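Just so it is clear, A, B, C and D label the chains in written order, and each chain counts residues from 1 on its own.
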Amino acid sequence: MKSINGHAVAQALIYVAKKVEENKDYLCELDGEVGDGDHGVSMTIGMRAVTRAMNALPNSVSPAEVFQSAADAYANEVGATIGPLYEAAFAAAAGATANLKELNEISNWVNIYDAMVHSIQVLGKAEIGDKTMLDSFFPAVDHIRILSTKGGSLSEALHSTAKTALAAAVATKQLVPKKGRAARLGDRAIGYQDAGATSLAIVLQGFADGLDKA
Amino acid sequence: MKKLINDPFEVVDEMFNGFILANDHIVKPVGKRSIARVKSPIAGKVGIVVGGGSGHLPAFAGYVGQGMADGAAFGNIFASPPSKPIVEATVAVNGGAGVMYTYGNYQGDCINFDKAQDQCRAMGIPVQSVVLNDDVLSAPKEEASKRRGIGGLFLVWHIAGAKAEQMATLDEVVAATQKANNNTRTVGVGLTSCIVPANGMPTFTLPDDEMEIGLGIHGEPGIKRVKVRGIDSVVDEIMESILADLDYKGSDVALLVNGLGGSPAEELYVVYRRVKQICDANQINIRFKHVGEQVTALEMAGVSVSLMRLDTEMHDLIKNTVVNTCMYKKN
Amino acid sequence: MKKLINDPFEVVDEMFNGFILANDHIVKPVGKRSIARVKSPIAGKVGIVVGGGSGHLPAFAGYVGQGMADGAAFGNIFASPPSKPIVEATVAVNGGAGVMYTYGNYQGDCINFDKAQDQCRAMGIPVQSVVLNDDVLSAPKEEASKRRGIGGLFLVWHIAGAKAEQMATLDEVVAATQKANNNTRTVGVGLTSCIVPANGMPTFTLPDDEMEIGLGIHGEPGIKRVKVRGIDSVVDEIMESILADLDYKGSDVALLVNGLGGSPAEELYVVYRRVKQICDANQINIRFKHVGEQVTALEMAGVSVSLMRLDTEMHDLIKNTVVNTCMYKKN
Amino acid sequence: MKSINGHAVAQALIYVAKKVEENKDYLCELDGEVGDGDHGVSMTIGMRAVTRAMNALPNSVSPAEVFQSAADAYANEVGATIGPLYEAAFAAAAGATANLKELNEISNWVNIYDAMVHSIQVLGKAEIGDKTMLDSFFPAVDHIRILSTKGGSLSEALHSTAKTALAAAVATKQLVPKKGRAARLGDRAIGYQDAGATSLAIVLQGFADGLDKA
């Protein structure tokens, strides 16, 4: 992992896009069991737009500009529930990295992920346990916050954070949905893994892998 | 996947393009995914903007034209449009009397329309929203505000559009639309799922001998799965749920038997026949009726039934207003 | 079999019942399987009687009303009606100016309509028939009289109905209808078969990656089976067949993109988009256009494209006539 | 086989109806491969109407009245191609049995079948070899005409005539259709057995068995 400047973040987002698209059908399948089967499509459309936006940025771009550009891509192309949530999250990440040139410290990513998850909660008004992406994101943020107090490599921290998110996403199976389309199914949704919690874990894993390569 | 499409990710743009070309006497594009009546803005008339995910035609964009909506924003398949095309449509239809948004109660639509509303208000355009929630089975009566909007919008928008054609004020149009929504109930049943093109697979799978009761318009599962059986007894169950939720006895009503996309019109008439029998038995007077595909879920097979209770004002609005929209006409 | 029906052998009677109830402001029953406009007979106006097998709604009965047909006879699913209901409709719509039959070229329809025609003539009612044969791929050009009638009837009947509304004579209405038919061509493609209810099984089976080109409106196989591919290239093939059969270059045309029942409206607009591109490239001026389900084959997925060449008379007839039928309205 | 009066013919037609309905799906399947898949349905609708008509007749009915009543049932209920063809055929059978009280001779049935097949040909204008019901009916008529010159039991004659019809129906596989919906398929229809030829054979077999029981 080299020094993580804006360009590296942009490249990592392009890698995230690739991973999301690879999981399109899987995410649709998860959403289809209890929702409307489009989550993988919405995420793919959003991340394709992000990729186009990233490719249009100069190499000298700042991390905050990268995140804001990703936010705008989601805002213009996606819609649905997930569009505004990721728009808000990327915009919050831009806010959390204002004036920074590099994001080499674990604490940078604690701030980024923390800003993201809170902006999602403010906009979406879901609670923990409602069976949404918050249920994989909050445990991940808690995890990386603890790691940041212990020192260690950023790469390892991002990887183990993504793994925590994935485990938490799997654990959403037991939850009863309270927000979004799946909420209408109530108990019938128990046993199904939440699509948005899963895609969030894929995004975090994409960051970890993408930044390694950058 | 058997669809009349090219690249599944281009479907919405190509559909939008074809829709504009096929309806150029009624609507014009005002953005990449937004349309307005050719005549927009109409000075002094409240502009009505509708929208939501694609895959429901004629809803929502098909209702732009005389007597219903003035503008619409297209989302991706089954996904609310972002705020941008909603704002574009709002600006295009604002004739000085303000703009009303009306759409189904889905989280994505609420978030994106609210965002657009904030932006337009900040631009000085008075905007009000009426969110529709006619789907009886999507939440219990005590939590009616959580119910989603489905086929009933077709009836409610007759009232909204007619009121706006009369050059009523924004508050009056909102009040009439809200009243119509409060008096409208819908229940749907699905026999098959549908395929989101960019997904390529059925959204859910339903055994050959089962159907879903209480489903929405996105190929999502309903509230319960039952064995396929004679449709009369299914219609009985639909009507029971509707009549238990609102007192229609002795009332005048407007009625829609709505095809979800994959069921032939012949079958919709078989359903209407039974609905009429039940209305007769309950002294419900059908003053306006429509049988056809209005609020669809791609190629999903199934039907929904909507009843809207009419007072004198609503009765006159729905009976006396000519509708000439892209995909629905009424003399 | 996933259908909104009760006993499969009762479908047509129950559908007929629902159709009458849902359209009682426009039509009345004049027999167990025959209908006429409420106003029938209209003194001095040529009566137009249409009909054919059930399973094609809006065709054929859906077009009874102002500006199109005066009466219709319903057959069983995909089976021509017997002569009896045709005779009943004829008697009901005869306003003294005679009656025109117009229907698609199928052996069963020809036999039964001819029988009815003989009976009605024997009763002193002047009856003439115009048999439609727009389906390009159903027989070579030299044997055009063997071609069957499919989606093009929707366009042809605009001309027939408009001419009759002008109180033209029977000979004039027949001549205008015949001219319209001579100038109309259609080609269809099917992606899936359909299920005749009393049969309960798909009429034929089509592998998941194949479609039929040149099929009719009964779920019967087409003239060739090809691999499913991007729809643009399929539309190119459709348009090539149509344009090779009749010279449309530089002409004014009326155009229909017709859904066969199972394909969502969204996809029909994707098709229209391509059709329009091809018309533009061939200096074909689209003066009237419609995109929607008009002549269907139950729940079959697929589409047909019809072009009708317009002279000045036809152009004015189709543009200036209000249509207000049971299932199709035009301002 | 008792003496075949009008009542016996009516009972035989009810038996034919049963056999046709038992073969509904098979006949639809044959029609579906090259036609519109409704032949079994049309025949069932027709024979159900015939059954209702037969049940309404008095026991003293004459054979000609029975056949005319069957013709009327087809005329009012069926439509399609097959409706008028069977209507014409039954009406012709009524003509061929005018004034007869009993149909105990093979020659009676030669006349009946011969009248039926010719009326079908006159109305439908098909040629032999066009892949229609004529292609099982004509060989059957030829067969029973020969048998009638040889003497022998009526029951045996009717049975072997029905068998001839069935074999001829199977042999329609090699024919290229010239009439009806299947005509549009031309060579593509080779290999498929004609539905109408097959149902005709079932009708003849039904007569043979039904009259045995009557």
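By definition in this document, a contact is a pair of C-beta atoms (placed from the backbone, for glycine too) under 8 Å apart; a residue touches a chain by one contact, two chains touch by 3 or more.
Just so you know, these numbers come straight off a predicted model, no measurement behind them.
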Between subunit A and subunit C, which partner chains are common?
B
Just to check the components: without subunit C, which chains are still in contact with one another, directly or through others?
A, B | D
Centroid from C-alpha atoms only, then distance subunit B to subunit D, rounded to Å. What do you get?
53
So the centre of each chain is just the mean of its C-alpha atoms; given that, what is the distance between subunit C and subunit D in Å?
33
Using mean CA coordinates as chain centres, what's the subunit B-subunit C distance in Å?
29
Mind pulling the subunit C residues that touch 2 or more other chains?
77
Where subunit A touches two or more other chains at once, by residue number
none
So what shape is it, when you link every pair of chains that touch: line, ring, star, complete or other?
line
Interchain contacts (touch definition) - all pairs
A-B, B-C, C-D
Which stretch or stretches of subunit A touch subunit B in the complex?
24-25, 28-29, 32-38, 40-42, 44-45, 48, 75-84, 123-124, 179-181, 183-185, 188
Would you mind writing out the residues of subunit C in touch with subunit D in their complex?
9, 53, 75-84, 106-108, 111-112, 115, 138-139, 146, 148, 193, 196, 198-204, 216, 218-221, 223
What residues of subunit B sit close enough to touch subunit C in their complex?
2-7, 11-12, 14-19, 21-22, 54-55, 57-58, 62, 77, 191-192, 208, 211, 228, 230-232, 234, 257, 261-274, 276, 289-293, 296, 298-299, 301-303, 322, 324, 327, 329-331
